[in-house]
Amino acid sequence: MRIRKGLALAASVLAVLLATGCGVGRGSAVELGPGDPIKVGVIPVADFAPVYIAAEEGYFADEGLNVETQVMQNAAAIAPSVINGQLQFGTAAVPPFLGAVQKGLPLKAVANGTSVAADPDKDPSALVAAPGTGIERPKDLEGRTVAVNALSSIVHVTAAAAIKADGGDPSLVTFVAMPFPDMLPALARGAVDAASLVEPFYAKSVAQGAEVLGNPYSQTLKPDGTFTVIFTAQPFIETNPEIVEKFARAVDRASAEAARDPQKVGAVLAKYGKLPPDVFARIRVPMYSDRLDTGALASTGELMQGLGFLPGAVDVESAVWK
Amino acid sequence: MSTSVTPPRGAERGGRIRLFLLRAWLPACLLALWWMGSASSTSLYFPSLQSITETLRTDWLGPGFAEHLLPSVGKFLAGFLIAALAGVGLGLVVGMYPVLRAAAEPIVQFLRSLPPPVLLPLGLLLFGIGPSMNIAIIAFGAIWPTLLNTIDGVRSLDPQLTEMTRSYRLTRGQKIRYVILPNAGPQIFAGLRTTLQMSIILIVVSEMVASTNGIGYYVLNSQQTFAVPQTWAGTLILGLLGYLANLVFIRFERYVLRWQAGLLASTGSGA
Amino acid sequence: MKMTETYPQTTAQDKPEADAAVANPNVLLQLQGLQKNYGHVRILAGVDFEIRKGEFVCVVGPSGSGKTTLLKCMAGLLAPSGGQTIFEGQPVTEPPAKLAVVFQDYSRSLLPWMTVWQNVELPMKNKFAKAERPARIESVLEAVGLGGKGNLYPWQMSGGMQQRAAIARGLAYQPDVLLMDEPFAAVDAQTRIELEDLVLRVRQEFDTTVVFVTHDIDEAVYLGDRVIVLSGAPTTSAATSPSTYPGRVTSATPNSCPSTPGCAPKYSN
């Protein structure tokens, strides 16, 4: 019964698809007029604060853009929406962005979100082990279970890279996905041996006595290189080149502002990310920069390919808007 | 006097073939349409059926069979059986005692309204990482239709049957085995069918967090890494699993409740 | 009680072998001032009579006279509000092991998920060893005319056959007394005649005491060695036909009414 319904559904979807003759990303090729709402899918974390700052500070309005933000779960949900034109722009960390590009999605990065802090003290990421497990360094995680927020995410990729960099074999490590908030209880109860996590959970885990094995972002990614991006679909760029230009300019302006005044980051995170100000005061703020670093994208791509996260090479040049 | 009509063997077989053809033509046509329509598809999100079946073959008949399918089927069967047995057992006890029923009602209503994904962190804490957590999530999430239907079915016993069992001094065990459970049978099975369908869905939910294998893990992972043919293949496998499980279940239900079909036919209140 | 005065029991004539009167060891079942109230509604307001071993007694009364209530009190299925039932010298507080009931609605008393054979066998499980059962089931089914039909389900049979099966179940239980609650109310006239003769026959064959409740005077007269007439509700009195001679019962019926004005049925059971 169910399969027949499923097939019927698939067939009707197919019929629509064939009738409209839409290819990949053609849904995004709609030309927007002045004042039409531009929707941005944003993961409500500190990395994408510039989008919120640009909206709050009126940078988008200064460019004559009517931008609406929409909270989304992850890049896997955002990318299809950008392709089919429901969203005009999206946010992603570099690994899922490269994963989508490698699979042939016509996505282009238009602006830098955050960059990798070269200084471990400013790194918001950490690989932590529960106290008393005898784990002292990333290599010790071989044969252990490590929690990551999502499989193939930046957290997963950099944790695997950190283990490899320490001389370990990441394929001997069992990575399991669970939301960040669940990691601390799982660590405390011994369900996992270690966790790869970010602020504010990094700070909380240290307060609970967790052993810090390393800071994967700063240790495995190109320093000062692009860490998160704001992207759109290639067909949208072709039909709306001016909107893309204005949008990128506003976000870059906000990135510079975020780097200059962290308080503004705290303000938008409190408003959009439900992050209490007192928690914000204690976390390491990511490094904001308006420099979209193609070289960093390429090196992250190679890192992923080397660890088996990407089945092939990525043409990074074509994935960046000039 | 007998109202049961047994058709000649040949006619029965002919009927079955006709029924099969009647059922099969639409899915077959749709599959053919899908195959042809998607053959030259360049769309990333709607890959050709050929590439999906290719993935099915390489991923699911190959290593995926042991790595993802068997663990999921195992978790599903264990979760479903626990939900079924616990649902019928608890439903029987609660249904038989009005006091217990009144006490259990608010608790049951509260627990059943908890969406299973919410329970994932709790399941993780209680059962750790591994199949027992998945099984617990499936069992907990899927038990409610069986439990509620069993309570209802046990309660619905005709007072005259109760008097009959008392008058003939049946023991409690005999009453449960020969009267209460069969009487509640149709309702219990209606609940079990929903429990079965929920168990299939809950495979995916339970494998969303802290899993290392399974169909849900495969689908979720392929979705997050934009591996679209894999996502489709996993979804098809899940649908196929649900279809087969339902098929087996309906056979079993028909066998156990064969008396009911005859009863309905004889009173004219059903097909 | 009042009726006992008006119609003193002339027991000597009832049965040739039952010539003793009160506290007779042959008395199987005795109702002593049986009362039953449902809330404020009084259904039974003191019913007295006794049933002797081997008798076929019909209890007849208009609709709403509490016939079913009376039968349930006798069977131990319902606790009386006052008075008591004595069965084989013991007050009845729960269904006695040597008493069986054939219910009015056969479609609701046979188990549709069991064959006739299984239905008959079920109550025997606590009474007869497994090896004893088949022969006994065979013989009761034969007796009620269902020989060879044991593997049918109740819903594969007509109403008359279902009630035969219910009677077979009662007989197979080997009770000292079989209580029948309007067993033929739901079957057609022709079947009813067949079943009435069947009951008379099996009663002889199995030597069972029968208490047969009905609203049909003709049926009561035809079947009973003795007829007990209930007044309309609240049932304050019971009239008993003194002998097995049917002709005198009819005259007793109107007399049972005057004590209750109207005699109109108030409650239907």
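Every chain is named by a letter (A, B and C) in the order it is written, and numbering of its residues begins at 1.
Please note the rule applied: contacts are C-beta pairs under 8 Å (C-beta built on N, C-alpha and C of every residue); 3 or more make two chains touch, one makes a residue touch a chain.
None of the values given here were measured: they were computed from a predicted structure.
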Of the chains present, which has its C-alpha mean closest to the combined C-alpha mean? B
Chain separated most widely from subunit A, comparing mean CA positions: C
If you average the CA atoms of subunit B and of subunit C, how far apart do the two points sit, in angstrom? 49
From the mean C-alpha coordinate of subunit A to that of subunit B, what's the distance rounded to whole Å? 38
What whole-Å value do you get for the distance between subunit A and subunit C if each is reduced to the mean of its CA atoms? 83
Subunit A contacts subunit B in the complex at 1-4, 6-8, 10-11, 13-15, 17-18, 22-24, 74-76, 79-80, 83, 96, 99-100, 103-105, 145, 147, 150-153, 174-179, 181-182, 185-186, 189-192, 309
Of all residues in subunit B, which touch subunit C in the complex? 1-4, 158, 160-161, 163-164, 166-171, 174, 178-179, 182-183, 185, 259-260, 262-263, 266-267
Enumerate the contact residues on subunit C facing subunit B in the complex. 72, 75-77, 94-95, 97, 99-101, 103, 105, 108-109, 111-114, 122-123, 125-126, 152-153, 155-158, 161, 173
Name, in rising order, each residue of subunit B that touches subunit A in their complex. 26-27, 30-31, 33-34, 37-38, 41-46, 120-121, 124-125, 128-129, 197, 208-212, 220-221, 223-228, 235-236, 239-240, 242-243, 246
